[in-house]
Amino acid sequence: MDQAHLRSLLEQVRGGAVEIDEALDRLRHMPFEDLGFAKLDHHRALRHGMPEVIFGMGKSPEFILEIASRLLDRTPNLLATRIDPAAAERIKEKFDDAEYFPLSGVLRVWRDRTQHGKGTIAVVCAGTSDIPVAEEAQLTAEVMGNTVDVIHDIGVAGIHRLMANRERLSQARVAVVCAGMEGALPSVVGGLVGCPVIAVPTSVGYGASFNGLAALLGMLNSCASNVTVVNIDNGFGGGYVAGLINRL
Amino acid sequence: MDQAHLRSLLEQVRGGAVEIDEALDRLRHMPFEDLGFAKLDHHRALRHGMPEVIFGMGKSPEFILEIASRLLDRTPNLLATRIDPAAAERIKEKFDDAEYFPLSGVLRVWRDRTQHGKGTIAVVCAGTSDIPVAEEAQLTAEVMGNTVDVIHDIGVAGIHRLMANRERLSQARVAVVCAGMEGALPSVVGGLVGCPVIAVPTSVGYGASFNGLAALLGMLNSCASNVTVVNIDNGFGGGYVAGLINRL
Amino acid sequence: MDQAHLRSLLEQVRGGAVEIDEALDRLRHMPFEDLGFAKLDHHRALRHGMPEVIFGMGKSPEFILEIASRLLDRTPNLLATRIDPAAAERIKEKFDDAEYFPLSGVLRVWRDRTQHGKGTIAVVCAGTSDIPVAEEAQLTAEVMGNTVDVIHDIGVAGIHRLMANRERLSQARVAVVCAGMEGALPSVVGGLVGCPVIAVPTSVGYGASFNGLAALLGMLNSCASNVTVVNIDNGFGGGYVAGLINRL
Amino acid sequence: MDQAHLRSLLEQVRGGAVEIDEALDRLRHMPFEDLGFAKLDHHRALRHGMPEVIFGMGKSPEFILEIASRLLDRTPNLLATRIDPAAAERIKEKFDDAEYFPLSGVLRVWRDRTQHGKGTIAVVCAGTSDIPVAEEAQLTAEVMGNTVDVIHDIGVAGIHRLMANRERLSQARVAVVCAGMEGALPSVVGGLVGCPVIAVPTSVGYGASFNGLAALLGMLNSCASNVTVVNIDNGFGGGYVAGLINRL
Amino acid sequence: MDQAHLRSLLEQVRGGAVEIDEALDRLRHMPFEDLGFAKLDHHRALRHGMPEVIFGMGKSPEFILEIASRLLDRTPNLLATRIDPAAAERIKEKFDDAEYFPLSGVLRVWRDRTQHGKGTIAVVCAGTSDIPVAEEAQLTAEVMGNTVDVIHDIGVAGIHRLMANRERLSQARVAVVCAGMEGALPSVVGGLVGCPVIAVPTSVGYGASFNGLAALLGMLNSCASNVTVVNIDNGFGGGYVAGLINRL
Amino acid sequence: MDQAHLRSLLEQVRGGAVEIDEALDRLRHMPFEDLGFAKLDHHRALRHGMPEVIFGMGKSPEFILEIASRLLDRTPNLLATRIDPAAAERIKEKFDDAEYFPLSGVLRVWRDRTQHGKGTIAVVCAGTSDIPVAEEAQLTAEVMGNTVDVIHDIGVAGIHRLMANRERLSQARVAVVCAGMEGALPSVVGGLVGCPVIAVPTSVGYGASFNGLAALLGMLNSCASNVTVVNIDNGFGGGYVAGLINRL
Amino acid sequence: MDQAHLRSLLEQVRGGAVEIDEALDRLRHMPFEDLGFAKLDHHRALRHGMPEVIFGMGKSPEFILEIASRLLDRTPNLLATRIDPAAAERIKEKFDDAEYFPLSGVLRVWRDRTQHGKGTIAVVCAGTSDIPVAEEAQLTAEVMGNTVDVIHDIGVAGIHRLMANRERLSQARVAVVCAGMEGALPSVVGGLVGCPVIAVPTSVGYGASFNGLAALLGMLNSCASNVTVVNIDNGFGGGYVAGLINRL
Amino acid sequence: MDQAHLRSLLEQVRGGAVEIDEALDRLRHMPFEDLGFAKLDHHRALRHGMPEVIFGMGKSPEFILEIASRLLDRTPNLLATRIDPAAAERIKEKFDDAEYFPLSGVLRVWRDRTQHGKGTIAVVCAGTSDIPVAEEAQLTAEVMGNTVDVIHDIGVAGIHRLMANRERLSQARVAVVCAGMEGALPSVVGGLVGCPVIAVPTSVGYGASFNGLAALLGMLNSCASNVTVVNIDNGFGGGYVAGLINRL
């Protein structure tokens, strides 16, 4: 859908030939822009209420900068994940309000801080090694306009730590629970609270954790019925879905 | 928490020694009843807004009947999954308003039909072989008080079938998408809609589907960010979480 | 070591040519009896303090009966696992004090009920479907001369059920914890108690439990340091090691 | 088959002792040349219509250069894959018409640009991270004498991007579709077009993609019947088979 | 696309309002028919040149008969796979020109025997146990209008058997090669011929064949570049793609 | 190689046009007979010194009988594995010197009992459940003309049983060691003896044995250097290779 | 549980309002301290008789030093595992009685050397490559107050080495057995001794050891009933459980 | 067995109190020497006819040098595998007749070149990337006193290359066949020759070769009955067993 088509559509709207509803519908399903090697999807914001996210792994700093610039021309906020310090430096040179979080590798431009969520999102992790994944979830949910309550290091082998946070957990409208090793925390949290729980397995562990496979299988087999699962180390996915739910 | 404790607590409430809020809190976290071999959790209804569900696999008809009877003493609705026809027959003899769905093996008593959901839940499946799993999701969501829009047989290899249902999909507040084989449907649906998508991999497939592993891995690796995943063939889990989200 | 050797050794002992200690040592390391197709090990009782156990899976009723008869000639107690009802019937015809437990498939002759354990062994299971495995552990520990405290259906998604049994758990000298699905119960129990915990993964679960693999991996990756693991559904192994520890 | 044998055979042909057909047949099935450590197969060109390809991984620059030189003595075109920049430099010093493509690591000498293909080959990829694999497919197909239409970044989560390219796709005589993550693109493309689709899973993805296993399994279980699959990241294989089909 | 739309479109075509090309294009991308629980795709014939195929596994005889009847109303030929004898009997009662092949479980109605293929398709299998899968490939290719040359039992451990069939193999325009166990036959055939080879792994084998996984991995790693792979035991897929290629 | 070719070759031999050695060589590499659906290889006896073996799994009794009859026309001995009792009965009706071994499912015709082996082959198994696999190895080695020394039930957890058989083991020229569960016996035997050890993993075991995978991996990783491995439950393969080695 | 609560509790004890037993009980189940990002559990010593252990992998030297300092304020002994030399250097600068063991990466502060164990713990390893894991087990058991008897390099392929150490093994009250490759040593040791055996699979091995998976599966399938298993390379876990058992 | 015991035994032999045969037998089963951390087994030479081999992976140069020195005190030949150049340099400084082969990482001292093998060992590899593994096999077999015929680069996709070497292959008394990717070469060679074939899977391959797993599974499922398998990349094991067989 190039510029010509867009102008034509809008003229039709102004002239009354096309109803507002129809124009919105057309816009929702079709437009994107062609960079040659990557098709940006500026209207995703309309569909999901979120700008395009940049997954930085395996992309050159130049490429990331180019995409970021295009996106920031049209949207106030930007989220980029798996960004190494060199790429972060390049982006911060151009956009001085960009924040970089080295633990999780997230880079964020957060200009429009309107709250869209209706309640609080709890972001929980089992051990200190799971913090990078939890931070990715937290930063994602925040940039989508949510209040996040972060609770670290309440793994199931010290169940009294978890029980001490029962009150905070039960006030969340949706919870993101990150855990490696046996990945049992979402089951216990899921049993304590009544809200949806997004489980994020992390690759934290030794030997037979097989880079997060043990935690992933544990979470998929959770005996708590309010648990769903995203990919290993996918803090972004956990925070994103929590944000979608919280704005319902 | 036996009767004596419960009476004591309530007397304290009446006498003002315990505040209502505190009493509710105590009730929310502790009570269950001991059958000797299975601890029913009548207060789960308070916590999740749902009665205990009976998972029938590997349980004898007598045992299922006993649990069902106990539960129906206190709650109007009952959901039992993976029930074979013999067990269903036993329960229907005693409770003549019980419905049995042989395709999915679900047995349902649905006396209180109050609507709790705020929008429509779309339950979608890719092929006709996925219908049993989708039906389990549908029946679960309905008994929780939701309106469900069921769309069958819109797998990705016939993308025009899916596109023809785009309008119905975009009106859902949350979607449950069941697919076997390559498990690609949640990614495509996730890209079309803005709402949360619960992906349910099914064990439908041949050879290298490895009983649903291929679909499971596909869904966990979805390039659509609004997708979360439950266990293979876990239609109940999909419908349950969708129901939780829809009442927010 | 045939009869001739055994007589010779004992004569040497009587004559003083061999010390008692040396004779015991020789006996401990070498003797067994040859049935032609199976070598019974009557002295295992001396080494482990337990008679040979019969694993019934894949063995004909005749073969099981023959081994059982040989063993009961020399030892008061017998434990046979994975026995189907037909084989059990055959053995009970000959030994009317044999008990058969159809849930777990265990057959037990328990004539010498001396207590060898120094404390109580807790045998715990997460859900009612795990009871057969827990029963195998319980019966094994009992026939070795232990007091067993059985606690069923305290899975982690209802953490208050588990917390309500905290006192009983903390009085155990060693615990056997059986769980399927995500296998998280040993981690939580391990964090609550100070004693060794033997985790027994069960094959209970759907889909991505992969017949107990999920629970097995979960337990091997437990964040509680006092947890060790035995094979899937190996209730016997769990009870056996607990019995060994409890007589220390 | 050394030079002496070859001369002898040709003399027999000239003298009429061997028919042309027989001579071709002998040549087709037997000849190769012994370098001592690697047997080059110059007649593969006769059999498949393609020169030997050099797989560079794990081979020293000297070794690659030696094979390349031998091959270029007898064939105008050369394709070398998984070549690192150092080896590429060595070859370009000697053959200044060699082109090196750093993204895919392909080195190509393309002297004979005769078209052998009868239609267009579409080379499609799902995301920008799949471009290196797609480029390997494209360069392979081109050097075999095919016209290639390259379409990047049309993954299934933005199905409108794919639908916008429906026309181009339906004009291809054969398609090569590269995708990582859930690997769903070949199924959707396969449903849209009527031609054979070669699916190339890529190792692009996080966590439970398990280095391309998720995409591989997805493609093998495709519900589109016109899809076949090659090895993970095997862009060469995809382009090669597409080239074979296109010259039929 | 209901009847009304279809009539309207055709009237527009007749009236000249819509060009033939445009009408064909609309028809190619959109139409299907809704049975309620299964959406038949009558225009797939236009797109792929093949009627819908019925995959019988897990479908009731009644359901299969209903689909078959619908399809045969509009298309002369029908292919149904994984049909058990009971379902076959039901269909043959209604359609007496239906043939049933019990070895492979294929049912075929073959009324229009026009040849569409331009050459011969070789269908090869390694051992006699692979014949059912090869037969499924053969019957599929035939009903699509191809001449098939079937060669059985030429596994690689008796390489002279394979060499003896070299001539027949080299005359094929495309080959389908079915093999279980180590799955090596496609590599050897692929090296002998210049045409595309579709490899079909079968689940034939013992122990570490893991139901065809060993053969599947072997074929994906083939050192012959002209080999592509379909799912385990997917003879239909192999024959189908071979048929598509052969009509190019 | 049909009859005509064979006659022609033999006439050339008689006439002196072809030397004996050359004729033998031609025969060794090419001949087989075509039954239509299975190519028997009568000259395999020349190559390996063994008749064709019939693998019965998945073959009908009629088919097995037909192959057996063909083979017994030309060779005195026959080995058929994985034969069920019904098929065995059919063959014994026709060939009354056929022996059937129901434990291992082997059927054997053993007319020529010439000894070809130069020493003794030890066939060892770890537990009584491994006997069927060991029996297959034993019967295979015997019919190839070897003396076999069978030692059952000497698993590694009763190391004194194994040590008591050290003498017998050290007299073997080659050993076949069958074990399930952890598969450790070949390593211990391999350390005790100096001869080649063929390890046969069996599918005996529970839970995490994964149908012999644990034993297979254990044997492949043996710390004894004289151990090689065959497929799970492949007693035939173990006996066969031992027989080949013993006739050197 | 902050300082205020603790003081209040102790004052109640002093005043007689709370009994000693009750106070101990409260302390046992609840207290921990919040560092902001990591919750230290000072009372774990009360529960398990062991201070918190620091798992160093993935933690910065500064973070490790901070935790170590906090812990050493309250407990005489400290164990830190997977510590790299840089972090060890930082800690030794501050605590000059810290010992660092580079082979296993363990750092230990061992001020209170009271013996708590009642017998000897044998720590055994199969090969010299398993020594790092065995050393981690040894150092763990020692710091818990146990006498450890270390026996290296007695793998099963040299069974006479193991038999020569039979006496030492049979004097242990509990054994920790570390082995990689096929992981058979625990089975053999388990058969020789009557005490509990903790098996520790190591990641030592080539190819199909799959980083310790072969050893892990072997140990889980041990035919010796007194064997339990911990995670791959988890020497700490092995030593820890052995220490718990030895103080019973 | 310390020096005192050894002297005592030899004196008994000299004095006639112990027969030569008995003394040999005692020596064969018991002696080894304790270095503290590694128990060398000097009498392995008596048992297997080979000195201890040093596996260098993960061992420091100093440690390797110390073991090598000890071994060379008593045996003329030494084989060390997986030696990096630095360690090789250290050993060559002390033993100037040591040869180092950088491709395979083998270091060899070959002073006693007596031939022990009775025939030729063929060492074959499929592609040039398999040469390092084949070289390890070759060097091992040579130092054990065998004549080795090396044939490189005769993979199955160029079957004529293999057929051209049929004569050489059929003259081997035992063959070692190394192959990566699909691992099909041992099956084809096994069918051509009558001798035992030791298959060595290599980790050569891309993507779904999974570091040699595909080749390993292929070889275990070989349809040629004379094939046994060793671990992935275990050239040493292949050469060693071939050497054992060849001296029979």
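Chains: A, B, C, D, E, F, G and H, in written order; residue numbering restarts at 1 for each.
Keep in mind that, in the parts below, contacts are C-beta pairs under 8 Å (C-beta built on N, C-alpha and C of every residue); 3 or more make two chains touch, one makes a residue touch a chain.
Because the structure is predicted, anything quoted here is derived from the model rather than measured.
Engineer: Could you tell me the least number of steps, going only between chains that touch, from chain A to chain H?
Structural biologist: 2
Engineer: Where the contacts of chain C and chain H overlap, which chains show up?
Structural biologist: Of all the chains present, those in contact with both chain C and chain H are F, G.
Engineer: So if I look at the partners of chain C and the partners of chain F, which chains show up in both lists?
Structural biologist: In this structure, the chains that contact chain F and also chain C are G.
Engineer: In terms of C-beta pairs in contact, which of E-F and A-C ranks higher?
Structural biologist: A-C
Engineer: Determine, using the mean of C-alpha atoms as each chain's centre, which chain is farthest from chain B.
Structural biologist: H
Engineer: Which listed pair, A-B, A-C or E-F, reproduces C-F with over half its contact pairs identical?
Structural biologist: E-F
Engineer: Just grab the chain with the largest centre-to-centre distance to chain A, centres being mean Cα coordinates.
Structural biologist: Looking at centroid distances, F is the chain farthest away.
Engineer: So, what's the distance in Å between the C-alpha centres of chain D and chain A?
Structural biologist: Distance between chain centres, rounded to whole Å: 38 Å.
Engineer: For chain E, give me the residues that contact two or more of the other chains.
Structural biologist: Within chain E, residues 29, 158, 192, 206-209, 213, 216, 220-221, 231-232 contact more than one other chain.
Engineer: Provide the full list of chain pairs in touch.
Structural biologist: Final set of chain pairs in contact is A-B, A-C, A-D, A-G, B-C, B-D, B-E, C-F, C-G, D-E, D-H, E-F, E-H, F-G, F-H, G-H.
Engineer: Mind pulling up the chain D residues that touch chain A in the complex?
Structural biologist: So the residues of chain D in touch with chain A come to 128-129, 131, 152-154, 158, 160-161, 164, 204, 206-209.
Engineer: Along chain E, where are the residues that touch chain H in the complex?
Structural biologist: The touching residues are 126-127, 155-159, 162-163, 181-184, 187-188, 190-192, 205-210, 213-215, 217-224.
Engineer: Would you tell me which residues of chain F are touching chain H in their complex?
Structural biologist: The contact residues of chain F facing chain H are 28-29, 47-50, 53, 118, 166, 170, 173-174, 192-196, 198, 216, 220-221, 225-232, 236-237, 240-241, 244-246, 248.
Engineer: Would you pull the chain G residues touching chain A in the complex into a rising list?
Structural biologist: Listed in rising order, the residues of chain G that touch chain A are 1, 29-32, 37-39, 41, 44, 57-59, 63, 201, 203, 211-213, 216, 231-234.
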